[in-house]
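Structures are listed in the sections that come next.
What follows is chain A paired twice: with chain B in the first complex and chain C in the second.
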Partner chain A sequence: MLQGVIGAGAAGTLLANINSTARAQDTTPIPVGSALPMSGFAAADGIEFKNGLDLAAEEINAAGGILGRPIEIHVEDTKEMGADIVSQAMQRLIDRFSTPVLMNGYNVGTNMIEMDIAADNDVIMMHYNTLISHNEKFKTDPDRYYGCFQGDPPEYWYGPGCLNFLKTLSEGDKWKAPNKKIAIIPSANEYSIVIANAIRDKATEYGFEISLFETVPFPTNQWGPTLAKLRQDPPAAIIVTHFLPQDLAQFMVQFLAQPINSLVYMQYGPSLPAFREIGGEAVNGVIYSTVVGCLPDDFSKPFREAYRAKFGPNSAYITGSQTYDGLWMWAIAAAIAGGPSEPFNKEQTQKVAAALRRNVYRGVNGTYRADPAGQSTYCYPTQVADPSLGMPHQFLQHQDYKTDPKLIAPALYATDSFVLPPWFK
Partner chain B sequence: MTLDILMSILVAGITTGALYALATVGLSLVWGSMGMLNMAHAAMLTMGGYAAFTVSSALGLPVIAGFAGAIVIGMIGGSLLYMLIVRNLLKNDKSTFESNVMIATVGIGIALENAILMIYGGQPLKQPLSIPGTLMLGPLALPYQNIVIILTVVVLMAFIALLLNRTRMGRAIRATAQNRDAAQLMGVAVNRVYFQVLVLSGGLAGICGVMVSSITQLSPPLGNDPMLKAFIMCVVAGLGNLPGAVAAAFGLALLEAFIQYAAGARWGFPSLLFVVIAVLIWRPSGLFGRAQIRRL
Partner chain C sequence: MSNQPVSRPNSPTGSAKTDLAITVVLIAIAIALPFFVDSRYVMGQIVLALFYATIASQWNLLFGFSGIFSLAQMAIFAFGGYATAMICFYFGWNVWAAVVPGAVGAMIFSLAVGLACLRLTGVYVALLTLAIAQTMYQLIVTDTECFTMVGSICRQFTGGAVGFARFGELGTRALLKGQWLVGNYAIVATLFAITMLFTYAIIKSPIGLAFRALKDNPGYAVARGVNRFQAQLLVFGISAFFTGLAGGFYAAHFQAIGPGILSMSQLMFIIAVVVVGGVGTFWGPLVGTVILVAADELMREAGEFRTFGLGIIIALSIILMPKGLVGRLGDLVRWSRKRGQAAHREKLAESPAPAGE
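Up next, the complex of A and B:
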């Protein structure tokens, strides 16, 4: 029964054990819905989110499904996203397939409308929007939004986490900061702006000052005027919170035409293969971080290998790992609760939600534990000091664009040390 | 502002202007001669970029073959657009042609973009036809790719000008643009002119796709932004006014670059929209346009 369970380790065993004791009468498939950006500018991520779901579903089904019922994945394309398109896509999934759960990746510009769709239909909704607005909305009415979970920490934690990383780095012997200046470059979207604001608001606490705060359009690939400003007043570190990999790769290509002695930290995009493919050698030295992503450890190795074997050598398991873990977590919670529920079955859906709140799950991205105040995942080390109770905020550096980036912090998970970027004179 | 900072803004503005100009000329040419707003221009531009990628990367042929492939695919796209869509719409009531062809090409554009998505996937790809490195002239840094783009566009502009002003085909295009019925009465094969213009515009779109993707990336919506900017340039210059469109492309791109530097990057595009609104209020026919007159 466990032959197909290669990535989830203990989770697969747990689910299989629950299944072995269950006397399933019903073997009809369980529809799992997912509203993903399968086309448009975020399609690169949408495709990986679907890959993660497909792999998890395959493994869960090989372990006997949920109490003997196999999982069936249904995807609706959210294209350029936004509240209107995403809400319609989610409602279509519920209406057409009676999905008891909506396992999304991220969608931008939704104003967290996803939570209202889940609440109105009494279904579980897990997503990876990485937004503090999830927590804020949850707090307004926890009883209504009981089924809404964010599978990773909110983006707010990037702010203090990034500053802490820079401060620690400057105190070591690998990088001597030429000044205390930081330039922050967000793009015009909620995720980028919240992170940029968090860094700006906390900078002085960590001994830094802001020399430039420049909001660029979303998406953007013409960096000339912004680079001119950076060159006019070179900071110790440039923090780009815009997150599309292709745009960030262009930033580096255009930056290296006249480089300055500044560290370059970027948000999320450098974790995707497109960043290296488009930027090539220009990406060497770039630092980025992510509060959710597949760890390069032994535990996740079977998942990484299975993912690339199934979806190709250039597939981004770091993104697919998110929905992969999400589906596994939900499957176990649904099995513990005695079934996945269905739309408008509030009593059973609440049982599944209670299991998701109670369980601590070690997935390929690290530890998931829901913060009861906002039903987002705890962040290690800035929010909780215990790595077994929070998802690691990983700092990685591209040291050779031909190979995977190196994990350089937090120390407990690090596999390599920071290297001074090649453009430093 | 030091000289090197000024120069870097100028280089960014002129490069963007060159790309805007290339996209604008293709759009303006078709509008000016046929009264056709080709909403599939963006998708044809994207097709050109992907064609170069396929020829150079997938087939492993030299870079120049990729460039030629983009032109050929663009021209084939233009000719198919004429044969399958435009020719048939022209048979109907001429008064409804302009609106019908706009709606038809919106559909073609969506279908092409989705076809590209299905064939190549949504992952952004690197355009192999890009030249790394920077030419250093003292404190001034000129990326080779930007130089190539500017030179290519200058050569193409000269070619288009010569074609329109010095050749029999160009005279026929200009005659059709000025008055289709009169040109037809004078013996100009108007349908052939339409075909030629769409093929020419398709070829330009193909080149533009290669140039744009060489400093950005390949993705199915690649052509949408240049198309939007080209439309702005056309409106500002006066729809169908070719020299005006080129001047507007460079002028507005430089304005955008300086506003991005001086006021912030997020004000670049709104400033272009502001210019469009102002032009539409004070000079509805465009800065270089005259009411009811289309000139090439």
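Up next, the complex of A and C:
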């Protein structure tokens, strides 16, 4: 059987072709639901996720919609998130608008209850929670959770990916590790802790030892006690798996008051403009990685330009790109399946899900291909060796806080080389 | 519930009759609701509102009727939920078998809190109970030690920042298929009804009078032989049992429980429900829940003004109706009765009975 391989640039053409052959008798809008944190501590990301959906919907509608039907975006605020609030928001979207799909960004502390809402209502649900618990829950009952997709690789892959990066870097000539110690600082949330545990559990395999493992509250900006411990026993690398940009920027400001010769690696937050805006010059040298984010390549250039033209020069396309790709993927799958379906239409929803499972899609974030074992995206290079079949785990470094960070790994995608951080003596 | 003097021994008072009439109407509404509500979302919100009303009614018993300003209410609710989830998760018990031990666990926890607060009053009780709730939250979220492996995921003893999920359910999905939410609604509505029934019985009994006496004038109450030690522990225990039971059913209904339930915003919402409805009134928590949940729904489209609008409602309620809506309604009823009686007396005075009659 043929597997569809679709690229973002080609996606519009493909959709337009499908639409031109379809006899668009029904032109009623298709409601697309999204449960996003539009207020609360994750509101900055929620707004970008909505921006990504709006831009994708505009482009899809310009290409003729899905079989002649335009898309209409409906957003429900998940505020401080959690299982109860997120499940209510999703159910409200389904009840009120009859949404055949829920295209979420991320929501924290939900215990993946989103999958139960999708299963109970027979709708497609795609999200970017970046959680291995999605895979684990899917495995418990694949028939029930057939419509649930994670548009990016689970956070688990950050662990081995980060260790592999540090090992490769230490083997090169740009950084000589003073010792084999690494300090891990998670904050009290699932995402941070799973990554921290994955690094801790695999550290010895990559030749590292853990000198400090300290969990901080979520959120937090009081780094004094943790920094005191780090200064007492300086490790080769400090790995902060907390992810809120404002807190991470504060870490750097407080760290530079009395720096030590350690690399600083952080999770997700440094990819957001707020990190640079709050930290200023203090963020230069920080390394971070993301398993999903808009690649700084020619392919994504039209998207990046359109995004900033529409939402302003400080908008974070790296976040908006996630739901942007997600909506395009779903729109194509729905067109191939012959229609988007509606709640409780299991037969049609299964057809859309089958198309989402089979299609390989090259979006602005890299390649989406669903791992059939967990219906999450494959991760390149730690999970699959072929970059055309997995989403790249990108490593970036802030080298000048006034400009965008530089992509330094994986080598196939890298635009720049690693630079020794300015605080090193 | 108004505090009208007893008119005739061994017969229902006016307020008891009113309470009975309200109860009959509420039961009729509760039975009719599933036939009129099609939306799963609305039904889900009603279930959630019933949980809020149950927690609020028990906090009202503690604060409104007994004068103990405890801020550990959500901690006790969470304890019941966590205990139920942990029993199911670690021992494989059915949720129905686990909710009562979970509630008993919450009761024991609450008794310990009650003992710690025994020598304290007023704001010091609030500070200590808040500290206990916050400690519980911190202990859970900073628990990162791997206790057991679930697939490739490391799970902490307390569930850590993630909490527990998929430990069991109430069995309504298998029994009622697509109508499972109506089944859960029936269960939670029954729980609320039983809680209200027990609360009514308690506040009408001599124990309830002892609670109120200790609230109004502790020195006088103790001098008249009310045992403060026993009464305080009793009210902590009773309110915790039902709060913990609600916690267990909450965890089972959502199939998840996490530390977010211990957040300050949840606690503040419960307090606001009681304040708006009427502190120390029997129907206050239910009325407060209906008002605040409905207002929250109506302001859903107002974006950032939604929280502001809720704040305005709470502020206006405190300024204009310090006794809450039910308290204000009670005042109105009493005022109209007095007016009616006065008018009747005036009428009698103006037209005296004819001679010879």
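Methods note: the second predicted complex is superposed on the first by the 417 of 425 C-alpha atoms of A that agree within 3 Å, B and C clash if a C-alpha of one lies under 4 Å from a C-alpha of the other, contacts with A are read in each partner's own complex, and residues count from 1 in each chain.
FYI, a contact is a pair of C-beta atoms (placed from the backbone, for glycine too) under 8 Å apart; a residue touches a chain by one contact, two chains touch by 3 or more.
What you see is a predicted model, and the numbers here were worked out from it, not measured in a lab.
Colleague: Please tell me, clash or fit, for chain B and chain C sharing chain A in the overlay.
Modeller: Aligned through their shared chain, the two binders clash on chain A.
Colleague: Could you tell me if A:188 is touching chain B, chain C, both of them or neither one (first, second, both, neither)?
Modeller: Both: A:188 reaches chain B and chain C.
Colleague: Which holds for A:274: it touches chain B only (first), chain C only (second), both, or neither?
Modeller: first
Colleague: Just checking: does A:215 make contact with chain B only, chain C only, both, or neither of them? Give me first, second, both or neither.
Modeller: both
Colleague: Who does A:336 touch here: chain B (first), chain C (second), both, or neither?
Modeller: neither
Colleague: A:62 contacts which: chain B (first), chain C (second), both, neither?
Modeller: Touch status of A:62: no partner.
Colleague: With both complexes superposed on chain A, which partner does A:229 reach: first (chain B), second (chain C), both or neither?
Modeller: first
Colleague: Report for A:140: first if it touches chain B alone, second if chain C alone, otherwise both or neither.
Modeller: After superposing on A, A:140 lies in contact with chain C but is clear of chain B.
Colleague: Just to be sure I read the superposition right, which of the two partners does A:39 touch: chain B = first, chain C = second, or both, or neither?
Modeller: both
Colleague: Where on chain A do the contacts with chain B and the contacts with chain C coincide?
Modeller: 38-39, 188, 215, 217
Colleague: Under the stated contact criterion, what part of chain A meets chain C in this complex?
Modeller: Checking each residue of chain A against chain C gives 38-39, 77, 80-84, 87-88, 91-92, 94-96, 109-113, 116, 121, 132-133, 135-137, 139-140, 156, 186, 188-190, 192-194, 196-197, 201, 213, 215, 217-218, 344.
Colleague: Note which residues of chain C are touching chain A in the complex, please.
Modeller: It comes out as residues 39-42, 44-45, 48, 138, 141-142, 144, 146, 150-154, 160-166, 178, 254-261, 263, 265, 303-304, 307.
Colleague: What part of chain B is in contact with chain A in the complex they form?
Modeller: 1-2, 4-5, 8-9, 11-13, 15-16, 114, 117, 121-126, 132, 134, 141, 143, 215-217, 219-221, 257-258, 260-261, 264-266, 268-269
Colleague: Using the touch definition from the top, list the residues of chain A that touch chain B in their complex.
Modeller: 38-41, 43-44, 46-47, 188, 214-217, 220-222, 224-229, 231-232, 245-246, 249-250, 253-254, 256-258, 273-274, 277-278, 280
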